[in-house]
Each structure stands twice: as structure tokens, then as C-alpha cells.
Amino acid sequence: MGRFDEREKDQLRPIKITKGFTRYAEGSVFIEWGNTKVLCNATVEESVPSFKKGSGEGWVTAEYAMLPRATHTRNKRDINKLKLNPRATEIQRLIGRALRGAVDMKELGERSITVDCDVIQADGGTRTASITGGFIALALACQSLVERGLIEKVPMHHYITAVSVGIVEGKGLLDLCYEEDSAAEVDMNIIMSDGMGFIELQGTGEHGTFSQEQLEEMLGLGKKGILDLMEIQKRALHGLELKEN
Amino acid sequence: MGRFDEREKDQLRPIKITKGFTRYAEGSVFIEWGNTKVLCNATVEESVPSFKKGSGEGWVTAEYAMLPRATHTRNKRDINKLKLNPRATEIQRLIGRALRGAVDMKELGERSITVDCDVIQADGGTRTASITGGFIALALACQSLVERGLIEKVPMHHYITAVSVGIVEGKGLLDLCYEEDSAAEVDMNIIMSDGMGFIELQGTGEHGTFSQEQLEEMLGLGKKGILDLMEIQKRALHGLELKEN
Amino acid sequence: MGRFDEREKDQLRPIKITKGFTRYAEGSVFIEWGNTKVLCNATVEESVPSFKKGSGEGWVTAEYAMLPRATHTRNKRDINKLKLNPRATEIQRLIGRALRGAVDMKELGERSITVDCDVIQADGGTRTASITGGFIALALACQSLVERGLIEKVPMHHYITAVSVGIVEGKGLLDLCYEEDSAAEVDMNIIMSDGMGFIELQGTGEHGTFSQEQLEEMLGLGKKGILDLMEIQKRALHGLELKEN
Amino acid sequence: MGRFDEREKDQLRPIKITKGFTRYAEGSVFIEWGNTKVLCNATVEESVPSFKKGSGEGWVTAEYAMLPRATHTRNKRDINKLKLNPRATEIQRLIGRALRGAVDMKELGERSITVDCDVIQADGGTRTASITGGFIALALACQSLVERGLIEKVPMHHYITAVSVGIVEGKGLLDLCYEEDSAAEVDMNIIMSDGMGFIELQGTGEHGTFSQEQLEEMLGLGKKGILDLMEIQKRALHGLELKEN
Amino acid sequence: MGRFDEREKDQLRPIKITKGFTRYAEGSVFIEWGNTKVLCNATVEESVPSFKKGSGEGWVTAEYAMLPRATHTRNKRDINKLKLNPRATEIQRLIGRALRGAVDMKELGERSITVDCDVIQADGGTRTASITGGFIALALACQSLVERGLIEKVPMHHYITAVSVGIVEGKGLLDLCYEEDSAAEVDMNIIMSDGMGFIELQGTGEHGTFSQEQLEEMLGLGKKGILDLMEIQKRALHGLELKEN
Amino acid sequence: MGRFDEREKDQLRPIKITKGFTRYAEGSVFIEWGNTKVLCNATVEESVPSFKKGSGEGWVTAEYAMLPRATHTRNKRDINKLKLNPRATEIQRLIGRALRGAVDMKELGERSITVDCDVIQADGGTRTASITGGFIALALACQSLVERGLIEKVPMHHYITAVSVGIVEGKGLLDLCYEEDSAAEVDMNIIMSDGMGFIELQGTGEHGTFSQEQLEEMLGLGKKGILDLMEIQKRALHGLELKEN
């Protein structure tokens, strides 16, 4: 009666962070989270979108896409449909909002960081892997700015971490893989900062509704996962301190 | 120190439902929610998307758009940018998920209902107005199917209602207008069924994070709003009973 | 042997003008012309297209679109076909040409007015309703510029009015509704100024040709309609005088 | 005080028709009309658009485009702007309506004819050259169907001819070249059948309005031009008789 | 056992060059090469792409397209598929590279020349006709710059010529027509300068591979063709000398 | 005076083949070729394009794309420009032609194989890496069809291998890295089968022309590289024999 892959209900899948997976990006992280694999590349550009020009402030944005064969069946490329995948649109907006929550745009200065999250292989949780791994790529890109003397310190005041929780066959589970996600009655993504405040909360009753009690159960599991993940992020960043303001 | 428009913190703006605003749609609702005005037209078509063909089941989907001058400044039409507005993409996916939660696809039979939510004027809460008004349009379209003898009874088992809540200057408020929304620290959309179960919950810390206590405060305000809105929906549908299964 | 809706052959359908239907547009007119309903919103912007930059002259343009369920069956949105509807393209070019005929671009100054004509419900004559209603929205927008002290007087020298005429079962009829339009042998749109000069004339033999005599019959009916419509426009604008130069 | 190119006010420019300009099209006509040069290729396909399937009837449509350097300055190709040129949209709808007016769709049978009008060089009157030349290409394509034994006789009951007229410096002129067209106060396109009935009439006051008298003057000039053009069409088709029904 | 059209294996099809086929382009060449007919129009514009701005250097680019009925069956226009034809993309990149090889960008100065190659009729070898004819159009456009006193001498140091060769039924043939091209085992395009150096070489085994011997046989035939073609180009340009640097 | 990375002129960069890099594709190969890294995923689908339907034959096609930060600076995604990158168009057509040269479409049966080549990191030679790695992915996908009993034997009769050669500072070099490629006077891609026949040959004089002698020098270097690469391919496929027919 256990989980698909024998994990405890509050246990994350194994996570492996490879920094510098590619050589050109200012911050490059390959995150393997169970069988979900996402390449998160953060690019610094010395320009900002028009709505930020002259503001002295920077901007952070994210793009999310899946390679055609990241899933069981092959998906056509967006360009062949001349349409940005609607699910990807929703996800990259979520990633962008979450990562912007970590950055002080004044301290960043009038430059942009784009975090590209390209899913090489999908097995549930690609958006939480993108945020969790993208945060590290973003921090690495900021560190590169410090190293090049362009800014004095990393302009980030929070760790930002994301995890999924859900209700499967009536029970709360942390970090759903694809099979669990497909069977879930409720699916929730929790994004939190290191002060354990919520950045974003998105819960959906896929087949029916969920109760206040189930919500609380899921939040409890999620917080456990967030704490574990923040440890992983901090280790990857060699304990980089970000002082909340 | 009160609200922008002198409402109580748990008070909705005045809401007016006009049924049959247009004459061709199987279900047509013009919802005026404060200064937010959305035309919700439900169209029945005797066909289904390819992934439902031969299943005996129906499909419900939603589209959301703003007229160019629904807001303070004019927005270019999507077609002139050859790109579906990303915010609209996100919102219409939310509306579709929420409304599908109300419908028994087997009972609907192999036909589609598309709910078009076109924002004539925006003053905050367009997505919750779209869901709340779109639900009524959807129910009217289902009733038209019953009247035409195509199905025996309305294939819906829930009322679905949506409302926004937020934290503005540290205080929880129900149903944010545009000025409140722009100033909000936290913005949350709550979608519930008449059994007071959650269909979807989306909370975002716009300028910082939110705490468990703030979450609970917002959920409390939201539930108050949901109950008031369901009364309005029921009156508009002349007390139509939908039995939860 | 009378008309579909018992009108005289030279009788317009009932017309209702609602000014200020939306609150943000500099000129907003909701025109209900029989069952045809068009929202005409005029937007002023302090910029001009590149071909007018530095000319000291302004520009007026129009966009025309139908909501998906403005007609008996639902039309897909343009953005989902990635193609501006060809009929809409033709119509918005006509509206733009007609409205530009009313404006002195030097007096307007280097700014643009865009008149959005969004058809909420279609029952024949949407293009003539768009021009007739759009003219009022344009005038209101110009008045708002005078009120804000940006220009001294309304930079328009003509009233511009449009009406359809046709030949149905061999007889000339003014202002065709959808059923008449579908059955018409000839369909003509007449756009005139208050000096009773033609701005544009478009006649099409839908099923066969039309003779010089039929042309003259239609022009006669059209002029009658134009005079009636100009009265309506003048009342809506409280008798605003526009001196022909 | 004469015309730009010394023509009489009711005189056409020299017109040259080359049949079989290309070898693959079922009907191919290169029309040189003064300096305006249009290649009109009619293609027969044994299929019809979906709205005609199973009707037993055929369909005729037209496409119009300019080569990039058909004009004084180079125009970007549509595909590089991802947008069908709005002017071309308007024109190809006009050509299609005009040519459909010549064809008996039942006699044509369930097949399509597409008339491609590609402007090689433009000097005013490209739309009337397209209709006048496209009519010949269409007739040639129909003759090829007769020759191949697919239909018994040419399924066309009318000659269709188009010409432009205008008011320049207050005077009516037949067949405007580019310089005249640019300076014209009024521009009108007249499309007629061999019974001298109007197929379509489009008049536009480019800089002001036009009067009933000017309309009549232009119609008189236009009819003179139509008669001359029909002679040219008949010679090109070796006197092919089309019996009006 | 001879060729489809009785040519020798190293014999070109008849080639006819018409200069000034259209009147607006700075260089206009209509090249008829057997039944392949391509209009090559070179346009000079006093601007350069952004990557050349401020460099003092010019730019040369090419666009290639087929008219819809240039071939046996009608091709849809790119704009109706919202996609630049992939074959055309490949070909226009080839033409652009080849023609750029002839031009000294510094001597051209900060202006652009676009060579539009529009295929009126296709019978094999459209890309080599485009390069060979486009070269002449480019030279004419450069001469027009000299005539207008904008530059001192034609900024080209090479003649550039292209020809196709292939292996059909095991034998090498020069200048394949459509039927030969369809049956060819190997198809090769050879682009050379007047110093008999290679500009570009593209050989493809369509049905199998080709050997070093076959490559050499094709190169031999190709050089013969190139020499003949250069004579034609030089005659068309009245022996214009281009000194290799 | 040696090479950028101290290789001999006829020495390949180190190449590493990882099979099964992703888990869903029927054939998955990650090829690391120096600093160039390409993920080649072959997908089998039990359907064919319309031009192959009912033929009993299969089809093989390729798609090529770069991740946004595969290069020194970030490239916008195609979907954000609504245009397939022209260079990618050219390359994926080349890959497709090359791989189709290896497959017997009758033996494959009426199914498709799509080889997606996604460049994770680019350092010169991405098209040759795509063909060389894509061939292995294609073979693995064919083997999976044999294992699943859908076909009897691998329907491939050739090994297909690709390598780049070039002339840098007057000297022939095998397998150019990015720096060499940028400086090259001539760039050539050679695609050969295991019978040492040419599948495709593409040589371009980037800054000037190349001579017959230089062509021969490059072909000699290329053949050396092809032989080395085929060894690597064979090892990766455990010596899989493909009998030339």
C-alpha cells in the first residue's frame, strides 16, 4: 500500500545538482530530481525591457520549455504550431514571479537576468524543479556579477524553493512523480522563502474538491519538503548567506 | 482609514447579473461587479475535441479576452501581436479548470460548451467575475439542452464560485478593486463549490511573503464572499438545485 | 408582402445611443441599431505612426472585430487562427477611411485617435453602425481634448454617417437586417457627409447585376436614411456644430 | 492642361494581352495595361472548400499580391511580416466576388478555380487589370475543362470587366495612372457585365466628398471604358460567346 | 539514348537575358533558361541591417520565392501557411552567400542591396538561374550607383556564376531540366568566380551515394557550363571588367 | 603555429557517446564532441506524413534547434520571433536528407522516425555532430522496433557519418572548433556512407574562393575523419552490421 517508488509520504525523490553543466551561461545548473531533469541557465544582459528603461532597476524573467521527447510521447515544437504552449506560458509566468521575489531590483541595477528552464526529461514536478534549480542558477549569475566587479554583493535577500504536494487516494503525499500526479485528487505547488513565508500557493482539485483539513495536511508536508530542499540549495551555493531585509 | 470605496473588509462590491444580454448564445450573462464588466457567453456545439472523440463524454472550455479599451490605457489586440496574451492564457486555463469541475462529462454527452469571457471594462477581479458569471452562463446553456430535449437534466453537480481576497497595508480585504489590487501585498483567488470545498486556490505574495496566519485570515474572508456570491448565483438561476454526488 | 419586421421601405430600425458605456475611453458609444449592437470606443494617444512623425499632423484609425458569439454560430477568435479575419480587414479599412474624412489632421495635432468597433451582437449593418456610432465616439474624444485644453476646438468639419440599402425581391429597401441582407440581390453601403456629398459608395450585386435605375433608387433611399441618422447623431452630440470648410 | 500622358479624358491606356505566358496554369494571361503589368494564372483543382463539399457546385476564388519591387520603393514580403497585406486582402476579396459573378457554379461542377493575380509592375489600376485579365484566364481555364471533356460548355454566362475612373482637379478621367491616382479627389472602380449591369461599384472621396453629378460623370466615363475593354477581352477569347441567362 | 531535350551532355539550355524587365528596380533582369524563368530585381536602400550600422560597410542579401503556379501543381502562398517555405529558406541563403562573395562591402558603403528572385516558371535549375541572373541585376544596381555619383566604381571584384550538374542513369549531365532532375541519382550545384575558384559546392546523393570519380566528372562538366555562362553574363553587361583583388 | 587546441591537422576532437541519456525516446544519444554537445532523440510514431499514406513505406525526418544559451550570447527562442531560424531550417533539411540515405523505407514499413537534434552547447560542428549522433539514435530506434517484433531486421543498409573540414590561414584542417570555424576561409561538410561514397558535400568559400587542390586536400582530411568516426559509431552500436545492398 506504499508509494509507487516506496518513498515515505514526506520524502523527496533523490536530487542531484550539477553546476556549470554548460559553459557559456553566467549561471548554469542541471537539476536531476528523480527522473525529472531540467537545465536551468541564467543569462545576464546589460539591458532591460522598455518598461524599466531609465529606472535604475533591473529585471528578472524566466522561460520554460520542454524538449520534444521529454515525455512519453513526442510533442510538436511550439514553432511548428506558431503558438507558445499554454501550459508553458502559465508555468514560465509562475517561475518568473517566484524568482523575482528573491531579487532586489535596485541592487541588481539596470540589467536583466533571464532564467531558461529547459526540461530534458519530465517525470512530474518540472515547475518546482525549475524554480528550485533556477534559483541556484540565478544566484550563480549574481555571483558572477560580483566577481566581475559590476555589483558589490549578491542582490538577493531570500532563498526561494518550490515543492509539490498532493492528495492521492485520500492521502497527502510530498513530491509527486508522474504516476502519482496523474492519479492525484488534489495537486498543490508551494513556493516559500527561507523565512518560511509563502511566495506563491497554487492548489487545484483535479477530480473533486479539497477540504480545509486536506489543505493543512498538504501545507505541513510541503514545509517539510521546503526545509529539505533549502539545505540542498545552500550546499550547492556553499552556504551563501542571503540576509532578509 | 477605510477602504477606497468605503466598503467593510468582508463586503463585496455591488453585483448585477443580466441574463440574455446577447440573443444567440445558448447561455448569455453580463456580469457587472462594481466597475468590472464581463460578458460571459456559453456556446453549445455538437462536436468535441479530438481527444474526446468516441468517448461518449463532453468537454467544457473557456476563453478570456479583454477589449482593447477595457483598461486605463489601450491594449493592442492579440492578433496584431500574433500572440495570445500570456496573462489571458493563464486566466482562461483557470476558468476552464474551474468550470469543468462543475460538469459531469458523461451526462453532458459528446458535445462541447465553450464559455467566452470578454472583459468590457476592468476594475480588478476580472477572473473571479468570469468564473462566477461564466458558471451561470454554463448552467443556462445546459438548461437549454434540457429544454431542447437533448439531455434529461442539467449535468452539473456543483455551484462553482470565485472571489478574490488580499492583504493591503497588512489587513485582509475581500474582493479587491483595481486600486486595492495594485497596492496589495498579497493577492489570492479562491474558487469553491457549494459544499464549501476548494476547487482552486491561488495566492501570490506580490511584494514579499505571507504567513500561515494571513493565509487563514484570507480564507475566512473568502468563504464569507463565496457564500454571498452563491446566493446571487442561485437567485439568477431561480434556485436551480444541483445535487452533489 | 411587407418587410421582415414590418418596416416601411425607407424606414430605419430603432436606434439607441448610449454615451459613456465604458469609463476609460476618451469617447465611448454603445450603439444599438435594431438587434445590431456595437461598442465604439475612441482612444486618444499622444503619439503617431512613423509615417506621420514630425509632420505636426495627427492620425485617425479604426479597428473592427466581432466577439465570438456575436452571430448565430460561434466564430473562432482571430488569434486562434493567427490571421486577421479578411472581412474584418476590409471593414476596418472602410471605417478608417470614412472617419478620417471628418477630421482636420493639422488641427488635431500630432496625436492619434483609434476607434475600436467591437460587435457585441450582429444583425446586419455592423459596418454602418460602426461608422455612425464611431463618428460620435470620435467627436466625444475630440471634445475631451478641448476640455483638457490640448486643442482649441473640435478638429472636425463634417458629420459622417453611413447606412445600407439593398434590392430584395426586386425592391429597394433601406437599412437591411440580417434576413434581408442574406436574401438581397444587391447590397450597397452609402457614407455621406452633412453637405450630402458622398464619402464612399460600395455597391455589390450579390446574385446578378444591378441597373442604373436600381442604383438611383438605392441612392434615394440612402439619402433619406442619412438625413434621419444625422439627426440622431446631432442629438447625441447636443447639436454640436461642425463648420464645413 | 491635358493628362499626364496626353490621353483623352475617356481614353484607356494601351493594353496588351499575352495568353499562355506560363505553361502550367490551365489559364495564363499576362496583361500589360500601360505600365501596369499583372500575371493572371487560373488553376483548376478537383476539390472544393469544405463549405461546398457534397454540394455538386464549384467555387472560384482569387489571390492578389505584389512582387516586392512592383512599386517605386521595395515592399517587404507578407511572410516576413507574418501578415497578409490589408490592402491586398481587400483587393483579392473584390476580385473573387467579381469573378464569381461570371460563373455558374452548378455547371462548373464540384471543382475549384483559383485565379492568382501577381502584380509584376504597378502604375495604377492593378485591381481593374487583375479583374479584366483574370476574367480571360478564368475563361481559358474553363475552356481547358471543356477540351478535356470534363464539362460540356464553358460555365460562364457573362463577360466581367473592370475599370477605374476618378476626379482629378475637378474633372472626370477614365483609367487613372499612378500619378493621376495619387492626385485624385475621387477614385472609383466600376465592374460591369456585358449586359451593362453593375457587378460592383466602389467610389471613395480621397480628399473631400463627391456629388451626384460627379458620380454620374464618372459612371458615363466608366461605361465607355468598359465597352472598349470588353472588345479587347472578346478578341483575346476569339469572340467566345457567353449567353446571359 | 540521348537527353530528354536532345542536348549534348555538356550543353546548356538556351538562355535569354532581358534587362530592365521592370522599371523601378535599380537592377532588373528577367532570365529565361530553358523553361525556367526567374525575375531578378535588385533594390538599393540607403540603410543597413542593425549588425552593420556604423561599420561603414554595406550589405547584400537575397530573397527567393516561387509564384503559386510556377510549377505543375499550385503551391499555397507562404503567407497562407504563415511559414517561409523551408526549401526557399535554404535557397535564398545560398543565393545571398554567393552574391555577397562578389561584393566589396567597404566600397559599396553603408547601404544595402536586396536581390529578389521570383520564379515565374520552374523547370529545374531555379537556384542557379537566380544566382546567374541575380548577379547581373546586382551589377546593374551597382552601375546605377556609379551613374548617380554615389560611388566611384562598381564595388564588385568577381563574376559569380552558378550551374547544376548531375548523374542520371549513371552518366554525368550538365544543367538538368525538371525531368532529369527528378530522375537524377546525384544533383550538384556549382558556384564559381571568374578566376575559376569555387564559391560554393553542394552535391547530394538523392538515391544512393556518389564516388570520387563521379564528383570529378561533374566538376568537369560544371566548369564547362560556368565558362559558357560567364560569356553570357559579360555580354549582358557589355563586357564590364571586374578586377579580382 | 599549431591549432587552437593543439590537435594535429587531421585529428578529431575527443568524442563521447552516451546512449539512453533520456528514458522515453526509442533511441537516445547524447554526443559530446569537444565542447559541442547535442542531444539526439529518435522517436518512432506509427503514422506517416500524408504524402506517404498508403504507400507501405515509412519516413524519416529531423529537427534541429539550439537551446537559447547554447552559444556565447543568448538567442531568442524561435517561438518568440514566430519564425523558424533560417540557419536551423537549412541544417535540419541537411540532417534529414542524410539520415534518409541510410534507411530502406519499404523495410521500415509505414511508420515515421523523427530525430530531434537539440544543441545543448555549441562549439563548431553542430550539424556534423547531429548527423553522426543522430545516426546512432536512429539505429537504436530501429533496433527497438526489431526487439518489439514490429520488423524483422534493422532497415538500414549504410552507416552515415559527417565531419567538417576547412581551410584556415591557407591550411586544411579537420573538424573545426568555433574559433577555427570563425577564422576559416573555406568551410566544408562531408557526409559519407561506410562504402566511402558521398552522401552530401557542402563547401563554402567564406572569405574568397577555393581551388581544386584545396578541395582535394579537404576531401582527403575528411575521409580520414569519416573512418575514425565510423569506428566510434560501430563501437557505440556494438559492431552492428549493416549490409549495403
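Note that the chains take the letters A, B, C, D, E and F in the order they are written out, and that residue 1 is the start of every chain.
Everything that follows uses one rule, which is that contacts are C-beta pairs under 8 Å (C-beta built on N, C-alpha and C of every residue); 3 or more make two chains touch, one makes a residue touch a chain.
For each chain, UniProt lists the protein as follows: A, B, C, D, E, F = Ribonuclease PH.
The structure presented is a predicted model; accordingly, all values stated were derived computationally and were not measured.
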Quiz prompt | Least hop count linking chain D to chain F through chains in contact | solution = 2
Quiz item: By how many degrees does chain A turn when fitted onto chain E using C-alpha atoms, rounded in steps of 5?
Solution: 120
Quiz item: Whole-Å distance, chain B centre to chain C centre, using C-alpha means?
Solution: 34
Quiz item: So what's the Cα centroid distance for chain B and chain E, whole Å?
Solution: 59
Quiz item: When the centre of a chain is set as the mean of its C-alpha atoms, what distance in Å lies between chain B and chain F?
Solution: 51
Quiz prompt | Touching two or more other chains - residues of chain B | solution = 82-84
Quiz prompt | Round-the-ring chain order [start: chain D; next: chain E] | solution = D, E, F, A, B, C
Exercise. Spell out the residues on chain B that touch chain C in their complex, using ranges where they run on.
Key: 22-25, 28, 35, 37, 39, 41, 43, 45, 63, 65, 67-72, 74, 77-80, 82-84, 114, 116, 118, 120-121
Self-check item: Of chain A, residues touching chain B in the complex
Solution: 82-84, 86-87, 89-90, 93, 97, 101, 158, 188, 192-193, 195, 197-205, 208-212, 215, 219
